[in-house]
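Below: one structure, written as structure tokens.
Letters are used for the chains, namely A, B, C and D, taken in the order the chains are written, and counting of residues starts over at 1 for each.
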Amino acid sequence: MAYTGTPVLLDSLLYRPAHSLIDQSLHSRMGVETTNGDGFGIGWYTPDGGTPAVIRDTGPAWNNRNLREISAHIRSHLFFAHIRASTGSAIQQTNCHPFRHGRWLWMHNGAIADFHRLRRDLCMVIDPSLFADIEGSTDSEVMFFLALTFGLDQDPPTAVARMAGHVESLGRRHGVEFPLQMTVAVSDGERLWAFRYSSERRSRSLYHSAEVETLRALHPDIKFLQGLSEDTRLVVSEPLSGLPGAWTEFPESSYGEVGAGSAFVRSFEPMPADGELPRSPVP
Amino acid sequence: MAYTGTPVLLDSLLYRPAHSLIDQSLHSRMGVETTNGDGFGIGWYTPDGGTPAVIRDTGPAWNNRNLREISAHIRSHLFFAHIRASTGSAIQQTNCHPFRHGRWLWMHNGAIADFHRLRRDLCMVIDPSLFADIEGSTDSEVMFFLALTFGLDQDPPTAVARMAGHVESLGRRHGVEFPLQMTVAVSDGERLWAFRYSSERRSRSLYHSAEVETLRALHPDIKFLQGLSEDTRLVVSEPLSGLPGAWTEFPESSYGEVGAGSAFVRSFEPMPADGELPRSPVP
Amino acid sequence: MAYTGTPVLLDSLLYRPAHSLIDQSLHSRMGVETTNGDGFGIGWYTPDGGTPAVIRDTGPAWNNRNLREISAHIRSHLFFAHIRASTGSAIQQTNCHPFRHGRWLWMHNGAIADFHRLRRDLCMVIDPSLFADIEGSTDSEVMFFLALTFGLDQDPPTAVARMAGHVESLGRRHGVEFPLQMTVAVSDGERLWAFRYSSERRSRSLYHSAEVETLRALHPDIKFLQGLSEDTRLVVSEPLSGLPGAWTEFPESSYGEVGAGSAFVRSFEPMPADGELPRSPVP
Amino acid sequence: MAYTGTPVLLDSLLYRPAHSLIDQSLHSRMGVETTNGDGFGIGWYTPDGGTPAVIRDTGPAWNNRNLREISAHIRSHLFFAHIRASTGSAIQQTNCHPFRHGRWLWMHNGAIADFHRLRRDLCMVIDPSLFADIEGSTDSEVMFFLALTFGLDQDPPTAVARMAGHVESLGRRHGVEFPLQMTVAVSDGERLWAFRYSSERRSRSLYHSAEVETLRALHPDIKFLQGLSEDTRLVVSEPLSGLPGAWTEFPESSYGEVGAGSAFVRSFEPMPADGELPRSPVP
């Protein structure tokens, strides 16, 4: 889950909705794994614009009392929350999302197929000045460092497209048919980008919330919506509620940008590491 | 799960069966909760007859590497294994099963209804010389200490019946309609007792394995069965496999005893704390 | 450590001073144990006056990354921080300080001598409506619940004196020569009380900071002091710095009160559970 | 600590000696850090000759109940035990010692100076088929994988000398004056090698126990010594007891080999990655 908009207490989204993220940690409905109990993390930006804060732990989110306490006392205009279902890599804080580098937060659902075999070649491409900051053993962290290498600081959609392109071309050289499956959220504290893509074109689910104005018109009785600014948006792997009209699915192979005045969804294509990203809007 | 019989490596039962206990920690089919990720424990006896060993931890069993290592190196003729789904009490080692006192191991699925309200009165009944050894905050541990108080050392079925009787009479005095829901396994290192009971007479599931001879006749191709002695028995909340003829459900309101030459199932009735247990066999 | 005064980020006191609490968790100079690595906790009040927040964990404070993140983002006018050195009781969140009940925070260094033997009798005295809220197994938590029982809500110094009196009289009935050793900090979110006492009259160390005005006159070059209000006070087991004139030791058998306009130190004497507290100032 | 010889229960060495490893985890006398509370691990071989077992955890050893239980039930003729004081890298299981690869166990005290800067170049040298098995972020694990790359399977002393030579030459190319500080223990389940070396020639302490025969003659009253075979040896960073004549320090720049009939100490010199190790005995 990634949120941007009117500053809210984290627990108003983590715990209160009927099918909240914490509830999903026990009973996911759409995920590949039905239980996400292998760690969790939250990351949030503060108005002063500095490095975001990150809290991560290795146990399940659903029974973590500290998470509940923190969520009830941290207010943020832009935050990430993640629950992890490991596909084999170690249960450790440094493998939990979100990952942070400088002012960047990154989180990911999905996998690089056959990562164990591709890991070294992918790591070799990471900028040498960044390599030593890798602390964990996940594909997700390597994807983040590749995106940083490919210019996340300058142009996030292009950097992610180059990362994806690189993973795909390397994977295919190793004989992997569908190297990449990903939904990614990334932010620099001002804008938030979300990506939905898979080599197989059967990507994991990803949704964003409708415009606040629309939501209010549909559900004039919901008090929480009254206090939100026009630019408030949520990006989630699974809808937090069954509210009609509240959630829009990202199309297959697309990405979206919200915050700092912009809000759009465009098509997404991996690109060669030295290529450029097409800027055509999603039809 | 409780095992008694031919000494085996713990992992041969914890990890290898198709629907093993570790697998159940992620995807329980019959339990009230579908995820048992709030801690786990194993306890085992050694041939020298001393105090059993107990390992407990607060995270999920399914991702615990140490449990896998230990299970592959500990061989025992009588062991317990438990996965926990907390109903609210703290996630801590001292709330994980099995509980140990002297040579006794105890584990429990179920709950004392309205335990928060009954807790003090139940604790008051515990033998003063035992009270200070309580380390956690669960109903399960209090049930164990009540059974110890009511003579577990002398006559386990009677002690458990008195405990159940006491919980029910106290609960009813407090206006609780169905105070007790329990499946319990308890051992002194020689024999193993299992209980299935609930005030409502809608008890959680409990099974024991069929006689080894029967199993061998039904499944002559299964190698693991060849090495087991006649008196080998497993007690489980959920069958570890779909093997036809392998599992017998405990009747509602019953208990069983295995080990040290005996093997029977009888009816179970809670009794007044100063009463005696009827010894009639299950019809 | 307990702080009240101008709202500050927690890390400005937890991490920045030369001999900060986190540093003390590795190398205590005055404590009985030289390492405090058996858990830690922080509790803080917010201006809205509600229930305080509490974060506790079982590992050492010195290597906890989450504590560092939280401390850098939580600002409070009244907070507690504690590092634990267990004297044998279980390493679990519910045994970590501060303890919370309603609007109260409580933390303690010291011990009830022979607690294992006295535990049941002490628990029997706890108000039945409070008993079931006990979650851990420490003497510190029992002391807190006894103080709640003896009227912490009405008159904290008297409630603590009655608690101490009760522990001493019960201990002596059991033949314990020096039943109590304690330094305690307790708050309701408005005022902060600190106690230093031991049956043997050889109490563990306890200090409070000098008046801010005095500190500024002594150390005009220290910038941090410029921003603090007149009523800012710190209570610590060990001075956070070697700053001359900065720390005043609590006399043997005394207690102090700060916040909400008051600031004084008086003598402390345990009292019979039904007695009254003498109000004479420390000579 | 590394042990080889007569099979013993782990706790007879981990917990029982006066200055045992667990005691050292709280109060080290000779180490650089006085507290080793950032994790621990044990690894042991079984008579069947397979992969060794490894248990690792991130908390302090001194308060870990599971370690105590396991140690009382695991008997081994060759085992490692380690307590960790992190110099900054993450507190996670995969950073705890001993490290395991196939039949090899490896543990290390010390550091590669400026490891953050050298990390990538060192990782590039690791055999590509081994690289993806790296799970943590420590210099110790990289040293292990370098030794595996340089032929640990064929000739352990040469592989370690090449590893050390490589670290030194790379470090010096990066302007690091004293790149390496290490005491290492490594085993394949049959023999045990211990190394003491530092670029500065001021290496951390390392001791081995005297011959059992000598120990018995010196201390005929110590019962534990009676049961040990002639080839029993302990390698430790700090003596476990003040027993006169029991401990011999490894000379500066030396290594020793015990087990499978051999027992000697020789001089140790780092060597170029393609060089050969001098075999001259320590004078």
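Keep in mind that, in the parts below, contacts are C-beta pairs under 8 Å (C-beta built on N, C-alpha and C of every residue); 3 or more make two chains touch, one makes a residue touch a chain.
In UniProt terms the chains read A, B, C, D = Glutamine amidotransferase.
Keep in mind it's a predicted model, so treat the numbers as computed, not measured.
K.L.:
When chain A (Glutamine amidotransferase) touches chain C (Glutamine amidotransferase), do the two copies use mostly the same residue numbers, with over half shared, or different ones?
P.N.:
same
K.L.:
Report the inter-chain centroid distance for chain A (Glutamine amidotransferase) and chain B (Glutamine amidotransferase) in whole angstrom, where each centroid is the mean of the CA atoms.
P.N.:
Chain A (Glutamine amidotransferase) and chain B (Glutamine amidotransferase) have C-alpha centres separated by 42 Å.
K.L.:
Report the inter-chain centroid distance for chain A (Glutamine amidotransferase) and chain D (Glutamine amidotransferase) in whole angstrom, where each centroid is the mean of the CA atoms.
P.N.:
The answer is 41 Å.
K.L.:
Can you pull out the residues of chain A (Glutamine amidotransferase) that are in contact with at least two other chains?
P.N.:
65, 90-91, 93 - these are the residues of chain A (Glutamine amidotransferase) that touch more than one other chain.
K.L.:
Once you've mapped the touching chain pairs, tell me: line, ring, star, complete or other?
P.N.:
Shape of the chain contacts: complete, all pairs touching.
K.L.:
Of all residues in chain A (Glutamine amidotransferase), which touch chain B (Glutamine amidotransferase) in the complex?
P.N.:
26-27, 34-35, 37-38, 58-60, 62-65, 86, 90-91
K.L.:
List the residues on chain C (Glutamine amidotransferase) that touch chain A (Glutamine amidotransferase) in their complex, please.
P.N.:
On the chain C (Glutamine amidotransferase) side, the touching residues are 46, 53-57, 65-66, 69-70, 72-74, 93.
K.L.:
Going by the contact rule at the top, pick out the chain D (Glutamine amidotransferase) residues touching chain A (Glutamine amidotransferase) in the complex.
P.N.:
Interface residues on the chain D (Glutamine amidotransferase) side: 89-94, 116-117, 119-120, 123-124, 128, 131-132, 134-137.
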